[in-house]
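One structure, pasted below without further comment.
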Amino acid sequence: MALTTCLEKGGPHVAPDHFRLMIDCAEACRAAAALMINHSPYHAEFCRLCAQICRDCAASCEELDGMEACVRACRQCAQACEAMAASP
Amino acid sequence: MALTTCLEKGGPHVAPDHFRLMIDCAEACRAAAALMINHSPYHAEFCRLCAQICRDCAASCEELDGMEACVRACRQCAQACEAMAASP
Amino acid sequence: MALTTCLEKGGPHVAPDHFRLMIDCAEACRAAAALMINHSPYHAEFCRLCAQICRDCAASCEELDGMEACVRACRQCAQACEAMAASP
Amino acid sequence: MALTTCLEKGGPHVAPDHFRLMIDCAEACRAAAALMINHSPYHAEFCRLCAQICRDCAASCEELDGMEACVRACRQCAQACEAMAASP
């Protein structure tokens, strides 16, 4: 996944702020998915937070070379999270 | 943990809304802990959400018999989360 | 997911051994998926364990009424895990 | 945690094999802890795997400078996992 690709690329791809953001993103996605699966009444808050982190992640990936696929994936994930946050 | 104790007790302890709330609580705690460990700039939002779910969990446990230890644990966790949400 | 469906059905669906097995299965799948994504050299052991738990889960679901979809899903997951355990 | 410290240190601390090993270790610990909490009949296999990964992690940290605290933590975790793997 993104983390593994970035480790191989090294340099700015493993800069602390960038890499930490990707770990945050993975954790936020995992939590949002778990709450969706659990039909949680708190899913909207988690999906909204997850969407925000995915957007920040897309912006951070956009500053690096060769991460177009990552940027697209983060944006799609952000949109999916926003749609789920808006659903009952 | 709470989930396992409730499974053994059965009855209202495995009522869908109660049990789902406990699964949500476990997921929220896990995510908040992961973000704290990662020194995440998003930790405050996750800790605040986690505190809210812990308080709801305490209230749900309070309606059942013999869950005093659980209620206390949920309240302590909520306080710890609020303290972490307020820290930089 | 399975957990949520079983909570709604109640009775034998929330029997401690059955329900615990499903929580184990969810955790094992989560760990196996995380290690696959991480290109982990330990993925084979985790996928093998996950396959075993999925098969046990299928057998446990088979003893209950109306869980045919669950049984199928657990078996498919077990096969996928076995295939991944055998891959380098 | 280890991941965050290594990100700040950079260089060999973010070498793919080392860093991946630490992510594996975090996932293995998380899964082992979840199964212990769930009183899982599969806890021994997970704790044994986790102990092995912790020992590999200690060895990998030992090759880097200034990671004595990490090495100690990994060894203690490996011992705790072995003790839990041996318990019923």
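Labels A, B, C and D are assigned to the chains in the order they are written; within every chain, residues are numbered from 1.
The working rule: a residue touches a chain if its C-beta (ideal position, glycine included) is under 8 Å from a C-beta of that chain, and two chains touch if they have at least 3 such contacts.
Here the structure is a predicted model, which is why all the values come from computation and not from measurement.
Asker: Quick check: more C-beta contact pairs in B-D or A-D?
Answerer: If we tally the C-beta pairs in contact for B-D and A-D, the bigger total goes to A-D.
Asker: Over half of the contact pairs shared by residue number: find the pair among B-C, B-D or C-D that meets that against A-C.
Answerer: Of the listed pairs B-C, B-D or C-D, the one copying the A-C interface is B-D.
Asker: Find the geometric centre of each of subunit A and subunit D from their Cα atoms only, then give the gap between the two centres in Å, rounded to an integer.
Answerer: Each chain's C-alpha centroid was found; their separation is 25 Å.
Asker: Two or more other chains touching the same residue: where does that happen in subunit C?
Answerer: Each of 3-4, 20, 23, 30, 38-39 in subunit C touches at least two other chains.
Asker: Taking the complex as given, what residues does subunit C use to touch subunit D?
Answerer: My answer: residues 20, 23-24, 27-28, 30-31, 34-35, 38-42, 45-46, 49, 52-53.
Asker: Please name which positions on subunit A make contact with subunit D in the complex.
Answerer: Of all residues in subunit A, those touching subunit D are 3-4, 7-8, 10, 14, 16, 19-20, 23.
Asker: Which positions of subunit B touch subunit D when the two form their complex?
Answerer: For subunit B paired with subunit D, touching residues are 1, 3-4, 30, 37-39.
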